[in-house]
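Right after this note come the structures.
Each of the next two complexes has subunit A plus one more chain, namely subunit B in the first and subunit C in the second.
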Partner chain A sequence: MQKKNLVLIALFMALAYIGVPWIIGVSGRTDFYYTLTSVALLSIASGGVWLTFYIGRINIGQGAYALAGGYVSAVLMTQYGFSFWASLPLAGLFCAGLAVLIGLPILRLRGVYFAMVTLVLTEVMRLTALALSITQGAKGITSIPLPGELSVFGVTLVPDFSTMENPKVGFYWMAVTLMIIAFAVLWRIVNSRLGHLCRSLQQNEELASSIGVNTAYLRVIAYAISSFFGGIAGASFIAISQSIYPSSFQVVDSVNFMLNCFLGGLGYVLGPMLGTLMLYFGWDLLFTTGKYQLLIYSSLLIALMLALPNGVLSLLDRKKA
Partner chain B sequence: MEQIIVNGLYLGAQYALIALGLTLIFSLMNVLNFAHGQMYVLGGFVTYTAVAQFKLPFVIGLVLSAVVLAVVGGLVEKYLFRPVIKKSRREESTMLLAAGIAFFLDAVILLVFGEKQRGIPKIIDGVFNWDFIIVMPYDRIVIGVIAILIIAAFILFMQYSRAGRAMRALAQDKVAATLMGVAVDRYSMLGFALGAALAGLVGGLLVTITGINLGMGGPASIKAFMMIMIGGAGVISGAIAGGFILGMMESVGLTVLSEYGDITYLVIFASLMVFLSLRPQGLMGKPWG
Partner chain C sequence: MTTLLQIKNVTKRFGGLTAVNDVSFSVNAGEILSVIGPNGAGKSTLFKLISSFLSTSSGEVLLDGQRISNLAPHVVARRGVVRTFQETTIFRAMTVRENIIVSHHLRSNASLWGFFWGSRAARADEADFGASADAIIEFLGLESIRDEMAATLPQGHLRALGMAIGLATDPKVLLLDEPFAGMNHDETMHMVDLVRRLRDERGVTVLLVEHDMPAVMKISDRIVVLNFGEKIAEGSPQDIQNNEKVIEAYLGSEDAAIGM
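The block that comes next holds the complex of A and B.
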């Protein structure tokens, strides 16, 4: 089993790093770089949402942390002269800290209440970005520099993006690498003691706390990790678009992050990745249908839900059974 | 000050109607209806079509809105929510379905009615003016009164009719209600239809005053969520209280906070967070809904 998994992982990495650039090179569809970069980054944020599902909470507030992470990174880069690579973890940490502060009161809520509060949180973040002066209100922050060189002890790990002949390829590599790291971390968490405890929260919180699980602490930890992912994704996104506005991440995005998790399947670590790929690509492919795009897209979504209410990856269970 | 209170009451009556439908659906089926705002917009467009294009009286337009939305709601429950709830392992999966329906309704509205802002002429002209203490156009007063009458009728229906009693029993305890011979499927469908019809009615009422456009659905849903959080999800009195409280806060906030810029909703959201951390189940909700 372990060996089979390793082979699968190797195959996936070969596909992501060698296969995709090759296919794009052959077919000449360089616009896929941008699409796939977006998918990779969005799936990081969705992975965070998935972790909150794992402790039994419905999180529709990831857009808030993506926006916060984006703004932290943008402000650090444009006003304090940080490099992108330094601002990326700082944005994540800022979101994690924010999540602890916000999470302490709201994680006491459950079920639909928690879902609704997080939904409202996205709107709060947008309004805050509009009202504060450091975020420059509705004008947003524009002309954010491209990521510079990243070197450790004089060895250049990542060259300066502005010297690359095609920064899009650079972003693709960065996003895919980040995604693989994020999902490896997620997989490790799920298969650790922390993951087992989280599962106990998902099933029955009272029972878990009665046998000595520190539920309040676990909830906040999981939520903070989830928001860290959101912040990272948001910060990377604005590095690509080189601008950020209060409307960069809004309620629709938060809802989409949640949908990605549902669609892929809540029982699988890779669920959010697959869900993001399907939703984003599905939407893009339907672009040719013009004004019927939304109609077809939503009908497919509803049909998929009717056929596979437990997510696409639930097809795997049936084979086992 | 009097003006602010009257404005708040008028807003609150409409908000309470939206929240009532949402909370009814939630209490019966544990479904958070993301498509509620879209249903409200659809109701507005139905009234607009009936009144502005077919020259029907406003009242008939309202009734049509309620009927069309009731049919839509009933069908959505029977053919979409019911099978998914039966098959799904986690009941939250219905959220994906609800969001899909919201997108779908958006698409249908866009294709059928277009993206333009639509409105119908005032139903009554003139402005009520009491010494410049309270100034209120007559049509707003009429709409407010109609909204309050609908709320009263709804409460009476839920309290005293057989169907209303059955729905309240279902909301309280589904298993016990089934054992007592309540037809769960039929009343879930009826409840969903009724909830959707309420959303349609509000849309029909508002099209005379603010008009209606495609983009109003999402924000309306968010406001409705806030109202039922304030009052407590799944409780009828809570939805009404939540609606009036939000209406009042908006009305007061727009007046008092106007000098600090557009921060009314920021303040409302922030105070909602604080309130919910002190009382997670809302004003009148049962703990953990």
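The block that comes next holds the complex of A and C.
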């Protein structure tokens, strides 16, 4: 079992790092770099949302943290001269800290009440970005520099993006690497005692606290990790677009992060990754249907949820049983 | 005999309703003490006050002389006072063994961070919890359902699982909420035996709330009787059966007759 997992991971990494660039090289579809980079980054944010689902909370507010992370990174780079590589973890940490402050009061809520509050967060963040002077209101922050060189002890790990022949390839590598790290963290959480504790929260908070689990603390930690992922994804995105506006992440993005989890499967670590891939490509593939795109897309989503309420990955369990 | 748990002048008001009114009694170490009373007498509320799931309006609960009322439930659990619930309160989507393993949380030496990285302490904990869970499974005779999903279990097994969850926390005092409810005579006798063994073999002090009078009379060292939120009697099963106030309280209610 363990061995089989290792083989699958090696295959996945070979596909992501070697297979995809090769296919793109052969087919000449370089636009796929951008698409797959987006999928990778969006799946990090969705992975965060998935973790809040895992402790039994419906999170429709990840867009708020993506936006906050984006602005933190943009402000640090353009106004304080930070390098992108320093701003990236700081954006994540800022979001985690923000999540602790916001989470302490709102994580007491359950079910639809928590969901409603998180739904508002994205809009609050957008209005905040509009109102503050440091975020430059509706004008947003533009001409954000490309990521520079990343070196540790004089060894260049990542070359300066502006010297790259094709920065898109650089972003693709970065996004895929971040995604693999993020999902490795999630996998480790779920498969250690932490996951056990999270499941105990999800299934019965009262009982969890009566067996001595500090439920409030665990909830806040999980929410902070979730928002850290959101911040990282947001900061990476604005490095690609080199600009950020209050509308860069909207309520609809928050809803999509949640849908990605539903579609892929809430019981599976890789659910949000698969869900993001399918939703993103599904939408793109339906582009040719013109004005019926949204109609067909949403009908398909509803049909999928009716047929596979536990997500696409539940097909695996069905085969086993 | 040493006093382990002390309930001192505890009162709980919900708006205008006084659910528990100035109740005092103490529980000795190694004792099985039952709290009985007609429906709505405030038994469940009292349990929630002792386990800090509710905060008191006045008065306090002491464990070994230290106040445990008005704390967070997980802190009280950490001190050694653990409440089990009626049968529906389990981790439904886990197996029996997983339910018991996760309930060992209080015994863990490793930090959450340690569990993430799989530190030496974390691995020692995991092995420890597994072994202890197996011992509890054996103690309660749950071997046949070790790997069953909790959601699929029949009532009797769920009750035993609830007790297993309580045991896993290694409590000083176990609060059992209606452990015999809905059981037939044989099942009740089995459970009575189990609760006794809990005390005799594991040294757990047991406080229980129960309706089943024959079982209560059989199992209890002492009994506390509540009516309309007030303590009306306290004493050995013999004393309680002959107490006029108690008889009056029960004759006044239509649902339960005191088993004599």
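Quick note on the criterion: the second predicted complex is superposed on the first by the 321 of 321 C-alpha atoms of A that agree within 3 Å, B and C clash if a C-alpha of one lies under 4 Å from a C-alpha of the other, contacts with A are read in each partner's own complex, and residues count from 1 in each chain.
Note that a residue touches a chain if its C-beta (ideal position, glycine included) is under 8 Å from a C-beta of that chain, and two chains touch if they have at least 3 such contacts.
None of the values given here were measured: they were computed from a predicted structure.
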**Item:** First (subunit B), second (subunit C), both or neither touched by A:19
**Value:** neither
**Request:** Once the structures are superposed on A, label A:221 by its partner contacts, choosing first (subunit B), second (subunit C), both or neither.
**Result:** second
**Asked** Just subunit B (first), just subunit C (second), both, or neither: which does A:200 touch?
**Response** second
**Request:** Identify which of subunit B and subunit C touches the larger number of residues of subunit A.
**Result:** B
**Request:** For A:189, select first, second, both or neither according to whether it touches subunit B, subunit C, the two together, or no partner.
**Result:** second
**Item:** Which superposed partner A:209 touches (first subunit B, second subunit C, both, neither)
**Value:** second
**Prompt:** Common interface residues of subunit A with subunit B and subunit C?
**Reply:** none
**Asked** Given the complex with subunit C, which residues does subunit A contribute to the contact?
**Response** 188-189, 192-194, 196-197, 199-200, 203-204, 206-207, 209-216, 218, 221
**Prompt:** Given the complex with subunit B, which residues does subunit A contribute to the contact?
**Reply:** 58, 102, 105-106, 108-113, 115-117, 119-121, 123-124, 127-128, 130-131, 251-252, 255, 258-259, 262-263, 266, 291-292, 294-295, 297-299, 301-302, 305-306, 309-310
**Request:** State the interface residues of subunit B toward subunit A in the complex, per the touch definition above.
**Result:** 26, 30, 32, 34, 80, 83-84, 87-90, 92-93, 95-97, 99-101, 103-104, 106-108, 110-111, 218, 222, 225-226, 228-229, 233, 261-263, 265-266, 269-270, 272-274, 276-277, 280-282, 288-289
**Request:** Mind listing the subunit C positions that touch subunit A in their complex?
**Result:** 51, 53, 72-74, 77-78, 82-85, 89-94, 98, 101-103, 105-106, 108, 112, 115-116, 118, 122, 125-126, 165, 168-169
